[in-house]
Amino acid sequence: MSSVPLSVYLVLALILFCIGLFGALTKRNAVIVLISIELMLNAVNINLVAFAKYGINPGITGQIFSLFTITVAAAEAAVGLAILIALYRNRKTVNVDEMDIMKH
Amino acid sequence: MTLDKLLSFDWGMMAPEFSIVITAILLSLIDLFMPNKVSRKPLALLGLAGIIVAIVFAVLQVGDPVGSILFDTYRFDSFALAFKLLFLVATAMIFLLALDFEGESKWAYRGEFYYLLMTALLGAMMMASSADLITLFVGLELLSISSYILAGIRKRNFHSNEAAFKYVVNGGIATAITLFGMSYIYGLTGQTNLYAISEMLVDPRVQENSFLVIMAFVMMFVGLSFKISAAPFHMWAPDVYQGSPTPVTTFLSVVSKMAGFTLILRLFFVIFLGTQGWHNQILLDAQPFIAFVAGATMVIGNVVALRQRNIKRMFAYSSIAHAGYVLVPFVSLSLIVFKTTWFYLLAYLLMNIGAFAVIQFVTSREKSEDFTAFSGLNKRAPLTAFMMAIFIISLAGLPFTAGFIGKFGIFMSSLGTGHYILASVMIATTVVSYVYYFNVMVQIYFRKGAGNRIRPTAGLAVVMVICTIGTLLFGIYPSLALDFFQSGFDINDLFTPSE
Amino acid sequence: MNPLIWIIPVLPLLSFVLLLLFGRRLKEASAHVGALLTLGSLVLSIVVLLNQWGGEPVKETLSWLTFGETTLSAGYLVNPLNALMLVIVSLVSFLVQVYSGGYMHDDDRFPIFFAYLGLFTFAMLGLVLSPNLLQLYVFWELVGVGSFLLIGYYFYKREARSAAKKAFIMTRIGDVGLFIGMILLFWQVGSFEFDEIFAAVEAGEISEGWITLTAILIFVGAIGKSGQFPLHTWLPDAMEGPTPVSALIHAATMVAAGVYLVAAMFPLFQASEAALTTVAVVGGFTAIFAATIGLAQADIKRVLAYSTVSQLGYMMLALGSSGYVAGVFHLTTHAFFKALLFLAAGSVIHAVHTQNIHEMGGLWKKMKWTAPLFLIGAMAISGVPGLSGFFSKDEILAATYADGRFGLFWIAVIAAFLTAFYMFRLFFLVFTGESRGIQEKVKESPVSMTFPMIVLGILALIGGLINTPFATYLSDFLAQNEALEIHHHETRWWIPVVATGVSLLGILMAWLVYVKKKVTRFSESAPDLHYILLNKYFIDETYDYSFVKGTRALSYFWYYIDRFVVEGLVGLVTGIVGWFSKIGSRFQNGQVQLYSSVAFAGMAILLLVVAWIGGYLT
Amino acid sequence: MESILLSALVFSPLVGILVLAFMPNTEERLLKTVGLLATLLPLAFAIITYVGFTPGNVNIQFVEQYRWIDFQIKGLPNGGDFTINYDLGVNGLTVVLLLLTAIVSTLAAAASVWIKEHWKGYFMLFLLLEIGMLGVFASQNLLLFFIFFEITLIPTFFLIGKWGYIDKEKAAYSFLVYNGLGSAILLIVFIILYMKTGTMNYTGLSSFLHQPPEVLEQMYIGDEFRFGLLIALLVALGVKLPIVPLHTWMLKVHVQAPPSIVMIHSGILLKIGAYGVYQFGIGFFPEEFRQIAFWIALLGVINLLYGAFIAFVQVDFKRVLAYSSVSHMGIVLIGLASLNGAGMQGAMFQVVSHGLISALLFFLVGLIYERTGTSLITHLGGMAKVMPITAGFLLVGGLASLGLPGMSGFVSEFMAFLGLFKEMPVLAAVGTLGIILTAVYILRAVLGMTFGETKESLLQLKEPRFVEWLPALILTALIVLIGVYPAVLSDILQLTINAMMAGKGAVV
């Protein structure tokens, strides 16, 4: 059975990455911003896994790498949310564009 | 893999890292079991001790042959060691700063500050010596995540919160971009070991879709430019630096930046040295672009700094500008890239930490971060004022200071390889920087300041004095450092894969 | 005898230094110090002069400055001309200092005055002794300073200030000519030494053109110093200085330095017809030009000043007509009688406290000594037979005629007539008739003032005898200097007659106009002409409107360029940087998403450019 | 080889700095005395050096060389290790300049009696500045030169900015930025030279650069390249000299800085530019310099006339002097551009003599300002009545600076023009216009202040005490000495200059 070609995975990853980036750069809600970042990281995971299977010289390391990525991403998300909560305690807002007391 | 295989590695090489890890764990445990309302100051001393142990181990390693463990994912070469030493020294001094730092009374009790610093340091060290994309990435994130928290560690403080959040968002995006680039590299080579990658990248099959290589190159560079706060990923720096507690700011502007440079140097030199670009070697192809980035960084940093009134912000921009300077050797690809970069980072370490020590001292005493807080400092604390003057002169790159020799080296590497325009931009922006640096001088020496004599605490004083001595010493007799580097570290072994 | 020579200038220098240091303590005594020291150099000069009689020129030099392979030297040179000048200078200087002892006695800066006189005398003697152009130039300038200081002696008077400034600058303009000429000559000859220059000229090593150019440039220097047209305007103003100064510097010695310069460089001039002609024409024109102005002036000293200018013109004319002896001769005699006239005028002013001749009159009875002495001077300058001026002026006319410059000859004759006229106009207005002023109790000056006048009077009387057509001592003496060939021209018999005629005519005219009042003064007969003459042909005004104002305008122009263009550019640059800084920090608007957007944009741009350059877009 | 005389000379002011460091901030008289005494030490060393110097010997003397910085780059054009030595040494020119520096510094320290506050800091910076100036002249390699050059920057910034007049900080900043830019360009040129030749030592460089063009061509030091370097050098040093239109900063400094500092500044610091043009411009690129000599001479004439013209309409005597400095530096350029014995020596004479003259004049400015609180010509006038001696000195200074024979100014002016007339007579003739203009503006200013009716405001002024005008006396004596017997300088200068002329640069 013929399998899905590599390029499709790559394009998917790219699209995912761009969606994530778009969200991270435009959404006003801090939570969504953090989630979008997760999206970008997951795009990376797709890349890694796809390469690990269909790459020029496929190998298991890609999947290992993705494991690491997932873990780290999780940690990052956790920290991010923690910070957001701290901030919410003080400012009573999760609106990104209100977070500009430091500027210029 | 079996246990004896695991034990077969020469773990001794990892002694510095271990001492850091152990100290970190100890700190966290002690913090856990300490009664709540007791000040955590002693922890700082403990951490300091741990770092000093690490330094000792590291120094003992000077001159050792290249070694690696864990299947070449983690290697010990002079390159790594040379920069690790810088990290350790820097962090040690930052601990001294932290010792003095009391923000609002609450957080003086918090121990995590210290062991997070430890983990961050560990991350930096991993970045320096990992030879595999994975470890490298882990190191990077270890550093980043710890410093996210550090930036926001003053929970009740709006600035701190905001700084941390901005840092986390930008950092996350930067990480994602970097990783995306890495994923392509992996995809093209199927390897995560840097040396294996560098061999694979010359493979004709890779050459076929060289655009992916270049894309990966650019993405990784931009992603990492976040760590060194270089254009285009520099804008977070002023806000984060301003918002974070001063010791953290110092850490970000020195250690984390140095780690970033280390990573860039290792990653790009090891991976891409042989790789084809669109005309010839990719590094050569990329030169003009990186040169442009470097130039832009200097210009932005120095020019925008002119208008800053908040001292920490001003120094944030100044450190952006310095990132630009340090990129120059990397651009020039001269034979003294590592020597000049290393020396400049050393000088930068001394003068910047020194300057931040004074800043922390003054801002905390004056309860103001406006640069007028410095007015009449030479009346209130003559010696401190003098030392600040030295740091500023060094930052401005004027003679008899390490900063000058550092710049001199950078110019040598850029002019020696004919990058006249870049050098000119650098020199021009340097002259611009005189203006805002000397603005601080004017505050210190020309303006009448209110208030009576103030004197720094022991910790700060030690840091200032060390930095002053270092700045002057390496400015007057730089051979001390240069010869040490020359004899102690055979940088070429960066390129020799360990078998 | 060498020490004798270099001591001559040193003595006055000594007096300068001494008076500068201890003048305040010496007070009036400083007059004696100055006078005595000058007397010393006078005696020495006379000795030198006698030694020169039939003796050899003496030259001693020592190295002064070396560059590359060249060595410039300084030293002294004594030849007949120098020796003569030495005597004249030290003599007049001595007499003037004696005179000043009386004239300045109630002045509170008495010592300074004598110090300055010492400085000037030193410079003048040094100038005369110079063996090379460079040294001459050095002292040439120093002389200028001496004159500058003395003109500005009454520094608190606005006029004195501007007069001093004017004198310095006008002469400086001339000096630059000399400066250039001297340097050009140096690069032609390779030395500043007179003898080497003359040797080179002899050997024809220098092209005609260069000789002419350098000679004329050097003559420009002479024009400046000797108040020749067009640089004459400073000399009349210089009368702001104390009268003895006018006598010493602006009649006898310094202004004669120009003539001396031309005489000293005579071989060079002789080698170029064009140069000689220039000298002659300028001299002749100045002679008559100044004489006409002299007709209308009301200030006794200014009249004398213009007469000096015109007499100097005479000397130049003589030299220009290669009448070397005539020129030097007239220089000598002029030194005597003009100094006399000035001193006499000084004693008049001292007595009546005004310089306006229309406020004087009838002083003949009141000033028993001064009046006759003034008369002698006037007669001498007008060329009344037997007096010194007669012979010298005679020589000049003869030389001019012999040189075939008939136009200039007749000009000179007319000038002689005018001279006689205005001198006696002066004499009659001052001494004859009734007093028109408000001078009560006018009394004769003290002996310290009359004595020098008497000495000069005698010299003015008999001074001419040193070179009569029958006994040409002076020309023989000067002829010893073999560097120049002096051709003797037999004086045509009618020239002296004409000369005598015109001068007597002039005197007669003056008598008719001012004593008998038979003839209406031409201030009534030709008021417009008189107006022009009174205002000295408006030369000062012309200069003021052209050069002075021009320079000022130019200066302001550059000043504003400096202020607004140059500074403006600087300001522009800093402004741009500041603007960028402003934009930059405005852009940093605190929006975290903007930051990452910028990063992303940067990355995108990089990618695109790379892709484009790498040719991946196709 | 192993004499430490020069190091002792250069760093001797440190003694003073250290002593002052441990002194109370308030003891005015004490601090001033110590400050003055401290400058005597370098003066003594300078005199020793001057006396010990053997004029008959062309070589660099009192050489000191120690390995200092070593970048050890293998495989570059010169193939060797990039070592930079700490090396000092003097030739006939620099020994004179060192002495000049020491003298002017001492007198400026004496003139510092008019400093009103913070004497301690003042004198420490002052001495630091002196270290810088001495070092500049004593150093025999580019890096060292540059370092000392920049050392002068910082103290001067403070001395102007803290102890100057109303608009001091602006002046200080424009000083900093201009000179910063200048030295920046200088640094670039130096490092390029270093990277190309692998040495920073003057002698090494000149001998390297005097190789035949084709040889240099092979080392990628082509003609255009050399020209580029020379131009850059001239621009960099032109800021210091200053060459119109890079001069505006220096006006501000002259007007705003305290007199004692202006004495130093216009007496010594400006001369560094001239020295640089001579040592580097001519020493390293003689051929290229010769080819653009005309343009340099033109610049010189422009400087000369431009400064003179503008000085003519200034109302502030300080500004007059500032522009007159511009004008006089033109003479230096003229002399250098003529590239012959006379001209070069003229230029060097001008360096020394203008150093002395401007020091004298600014000293007098200080003296007058101290009493009258103004330096506006319009506010002064008839000073000769109340302060005859001061007025006398002012007149002497004026005459000296308008090049009166018998004073140093004349010798330099004369020599410079003598030189230029040989090479480019027409330009020189135009330049002589400057001689007249100088007389015009100097007399206007000086007579405006000293002659004329005495202003009421000045009537109660009193003549300063002897000690106060002693420095003026010393300077005048030196000016006259050089003017009357220039051989005192020329004997020691000419061998060095001849060596330079021979294209060898300075020979070790």
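Which chain is which? They are A, B, C and D, in the order written, and residues in each are numbered from 1.
Just so we're on the same page, a residue touches a chain if its C-beta (ideal position, glycine included) is under 8 Å from a C-beta of that chain, and two chains touch if they have at least 3 such contacts.
The structure displayed is predicted, hence computed values, not measured ones.
J.: Contact counts by the stated rule: is the higher one at C-D or B-C?
T.: Of C-D and B-C, more C-beta pairs in contact link C-D.
J.: What's the distance between the Cα centroids of chain C and chain D, rounded to whole Å?
T.: Going by mean C-alpha positions, chain C sits 37 Å from chain D.
J.: How many angstrom lie between the centres of chain B and chain C, each centre taken as the mean Cα position?
T.: 79
J.: Approximately how many whole Å separate the CA-defined centres of chain A and chain D?
T.: 65
J.: How far is the middle of chain A from the middle of chain B, if each middle is the mean of its Cα atoms, in Å?
T.: Averaging C-alpha atoms per chain gives centres 26 Å apart.
J.: Spell out, as numbers or ranges, the residues of chain B touching 2 or more other chains.
T.: Each of 165-166, 169, 173, 177, 238-239, 307 in chain B touches at least two other chains.
J.: Where in chain A do residues touch at least two different other chains?
T.: Those would be 21, 24, 33, 96, 99-104.
J.: Going by the touch rule set out above, which residues of chain D reach two or more other chains?
T.: Chain D, residues with two or more chain partners: not present.
J.: Dump the list of chain pairs that touch, please.
T.: Once each pair is checked, the touching ones are A-B, A-C, B-C, B-D, C-D.
J.: What does chain D use to touch chain B in their complex?
T.: 67-76, 82, 121, 143, 146-148, 150-151, 153-154, 157-158, 161-162, 169, 173, 176-177, 180-181, 184-185, 187-188, 191-192, 194-195
J.: Which stretch or stretches of chain D touch chain C in the complex?
T.: Chain D reaches chain C through residues 174, 244-245, 248, 306, 309-310, 312-314, 340-342, 345, 382, 384-385, 399, 404-406, 410-411, 414-415, 417-418, 421-422, 425, 428-429, 432-433, 435-437, 439-440, 443-444, 447, 450-454, 485-487, 490-491, 494, 497-498, 501.
J.: Contact residues on chain C for chain A in the complex?
T.: Per the stated touch rule, the residues are 585-586, 588-593, 596-597, 600.
J.: Touching chain A in the complex: which residues of chain B?
T.: Residues 133-134, 137-138, 141, 144-145, 148-149, 152, 155-159, 161-166, 168-169, 171-173, 175-177, 179-180, 182-184, 186-192, 200, 203, 205-206, 238-239, 242-243, 307 of chain B touch chain A in their complex.
J.: If we count contacts the way the header does, which residues on chain A are in touch with chain C in the complex?
T.: 21, 24-26, 33, 96-97, 99-104
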